[in-house]
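Look at the two complexes coming up: chain A is in both, with chain B in one and chain C in the other.
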Partner chain A sequence: MQINKNIAISDSGFIFNPSTGDSFSTNQVGMEIIRLLKENLSKEEVIAGVVSKFNVDEATVEKDLADFALMLNNFQLVINHE
Partner chain B sequence: MSKLSYERPFIQKLNTGSMNKFGTKTEFAPVSHLDGVAVKRLTAEYGSPLFVISERQIRKNCQNANRAFKTRYPKIQFAWSYKTNYLDAVCNVFHQEGSWAEVVSVFEYNKALRNGVPGNNIIFNGPDKSVEDLQLAVDNNSLIHIDHFDELYSLVELLSGGKQKARVAIRVNMDTGIYPMWDRFGFNYENGQAWNAINKIMAHSELELVGLHCHIGTYMLSTSAYATAAYKLCDLAHNIKLKYNLAVQYVDLGGGFASSNTLKGSYLQGADIIPTIDDYAEAITSTVLNANFKQEDLPTIILESGRALIDDAAWLVGSVLASKRLSDGRRATVVDFGVNLLFNAFWYDYKISPAQDFTHHTEDMALYGPLCMNIDCIRESVNLPLLNKGDQLVVHKVGAYNMTQWLQFIQMRPNVVLIDMDGNTHLIRERETVDTIIQQEKMPEYLKKK
Partner chain C sequence: MSKRQITVAVSGLNNIDSPGPGIPVIRALKESELFDVRIIGLSYENLEPGLYMRDLVDKSYSIPLPSSGTASLLERLAYINNVEGIDVIIPNFDAELHSFIKLASQLKSDYGIATCLPTQEQFESRHKSVLYQFGVDNEVKVPYSKMIFSSAEIGSLKNEFTYPLVIKGKYYDASIAATPEQAVNYFNKISAKWGLPIIVQEFVSGNEVNVTAIGDGKGNCVGAVPMRKLYITDKGKAWAGVSLDDEKLIEITNRVIGNSKWKGGCELEFIKSNAGEYYLLEMNPRFPAWVYLAVGCGQNHPEALVKMALGEDVKPFENYDVGKLFIRYSFDQIVDLKDFEKISTIGEL
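On to the complex of A and B.
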């Protein structure tokens, strides 16, 4: 899964998609996941990245990431969604 | 380096549109303490889900209602509506505040007796009173509110030839300008049925007509309907005085005062549209005072208010079981309390708050209970913070009817705790177990496992 390259994201979690004109807001964990996805990391690497930064276990992140990825895909913010 | 606190990743599409003239929703302000007791402490000690009742709020409501009526009228008597919440501890708080008991079945009647309510302070309402029930009420000198002619004839037959007398009133139904009209209970005023019943009672010396009763509906948003009801009861009282030279001792306006819960489909919040207890008091007492009774004939006004006195004195604390996504993208949160415990969720949009701190992010979600039944929905759409498994929620204003209409269905009923005036907690109803349920069952011998 890759984030669309032209997606702009601010430090406060404001997301803008210039190709559709849609804007979104996300929280701190969402921002971190999007940042890691922008680095073309694998799902496992994204999970490890979140676990290293936040006080959470791997299983929780895996479950939440699956749901978050679904929403990113639904909002047309990703390409090649698994 | 310590790690940052985790919150489920969240993304929300931003939509431009008209500003909300009611401002931002604030339903998600955390409620971590109930009457000064930490929610976490309560659930650690008594489990989840858990009903929590505030003795302080009950007394406050009672005293406020008494003040509203007694400052306007000299003879006021409240009677606690057992069906609204008949946990003994709750009833006894009301009785300590001076309330009589208003019951609608022999089960409730016996509960009132067990709670030490003197028989002559029990009002026996309702359409279901067997001959045995009537005899019990007569023996205890209770106030029998006759619901239909069959009951009247049963009572006459029961007392005929004996020396006992029954203190009776009739329940009157009437058009007070509201819909639906509750004409299934009692005798109708407009078509003369009520007057007919009164004449029949007066023809029997074993029946002592002491009052007139009505109960015009529930969650009444109109005070003028009470004024109309009081006017019609006073009109009957005047006619009784005129024809029989008898001053009835009381007019009983029943209950039905609204609580501040929000009805489903209501545009405005309940708290913004309901009359205050003073509004109800003003409508009722003014009508009776202006009804031209002689001072010595002024009847006592009895009130059987339930919902308005107990709803905001109880909370339901529960926990999140799961968080999931529905097929249309909506968030669904599954909690450990359902319509089995919150029967009134079928017509109230209950206010629900998280019991712990969250960030400013919130999302719309459906809130489902734990039952494996599609109807088990507490809120079809509610805006709450990002909830995770194990997070706790507080449902507000659940004191009326939920702890009497709750179902032992799929799940068993949980502990109920009372927080007293000093902030101490008391378990007033123990959670059910499998033994609670099966002790009433009988197994035919041939089906027993060999």
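On to the complex of A and C.
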């Protein structure tokens, strides 16, 4: 999964999609996931990154990442969204 | 650099909940870096708010309704010009454009008043009633549509359309009808207000995106800024919007303006379907009421239009700011009865 290159995200977690005009806000964990996705890391690497930063177990991150990815897809924030 | 002093007459001062473009155009001109503009307001009704905006409108005159014919309009403009010495006129209502286009060459030759308007053919080519053909001619998708003149024709629409469909007035208003009964209801409502014909249009599901643009009449798109409405009033008007980064939309706009050799300001209204395809819903033959967003994004379209009207070269804008918002607001002006009396009795303020 790749985040659209032109998506802007601020330090406060405000996300703006300049192609659609939609805006969203996310928390620290969402910001970290988007940052890692922007580095083109694999799903496993993203999970590892979140686990190490937020002191949370891998199974929880894997489940939450799947939910978050679905949301990013629905909001047209990823390349080749469905 | 000192600014050149010019006098520009502007109509569309109805800055109401369904606003005309006059006041945004005036704001843009007042912020011009080239011109020191004296604004002459042209009004059709005595309660148009722009009449009383003294910081923006220097002097106002009422003018006859388009239904009065071009002779009475010309006579009134000649009088106003005699007092004010108008350099440029920017008409901002769809319904008055026909008269101004007709008078454009005479205004220039007899009174020295410049305009920057589409030709009569261009103006007619993008009418809602012939928009489908306009789409074919300019290689842009347009939802299928047809004109009807009686509500009795609605029953047979099922042979060409599926519900929901869109019922549109000749100039303004559009409603989505989910059933033939609703279609009859909207037909009656809209035709009572705007007359016949009524346009029936295929409904395309997706997001509405609009472009304010300006063409030089030689096939060049001088400027274009796309916008998505973020807040829509019950009349379907944008109360807030944001500028978009959409290369495809700019490309389509360049093609439409280029192929049609459009001259002057315009607004292109599109639906971006869920499959990512763009359908042209309407092409309005004048600036939209949200044209000031273009100024906020770095493209002063009204200023460019005045330059072109004066016969000066205008270089196309190359970029604009993405992610700029406009947010409209309402404002109660306190007006002295004497001012209302003046415009009501002598037609000047």
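Heads up, the rule we're going with is that the second predicted complex is superposed on the first by the 79 of 82 C-alpha atoms of A that agree within 3 Å, B and C clash if a C-alpha of one lies under 4 Å from a C-alpha of the other, contacts with A are read in each partner's own complex, and residues count from 1 in each chain.
Keep in mind that, in the parts below, a residue touches a chain if its C-beta (ideal position, glycine included) is under 8 Å from a C-beta of that chain, and two chains touch if they have at least 3 such contacts.
Quantities reported herein were computed from a predicted structural model and do not represent experimental measurements.
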Chain C versus chain B on the shared chain A, clash or fit after superposition: fit
First (chain B), second (chain C), both or neither touched by A:Glu44: neither
First, second, both or neither for A:Lys53, with chain B first and chain C second: first
First, second, both or neither for A:Ser19, with chain B first and chain C second: second
Partner chain(s) touched by A:Phe75 [first = chain B, second = chain C, both, neither]: first
Where the C-alpha centre of chain A sits as vertex, the angle toward chain B and chain C in the overlay (nearest 10 degrees): 90
Which partner reaches more residues of chain A (counting touched residues only), chain B or chain C: B
First (chain B), second (chain C), both or neither touched by A:Asn6: second
Chain C versus chain B - closest C-alpha approach in the superposed model, Å: 6
Chain C to chain A touching residues, read off their complex: 207, 227-228, 230, 241-242, 244-246, 322-323
Contact footprint of chain C on chain A as seen in their complex: 6, 8, 16, 18-21
Residues on chain A engaged by chain B in the complex (per definition of touch): 15, 22-30, 33, 52-56, 60, 64-65, 67-68, 70-72, 74-75
In the complex, chain B residues that touch chain A: 2-14, 325, 329, 359, 361, 386, 388
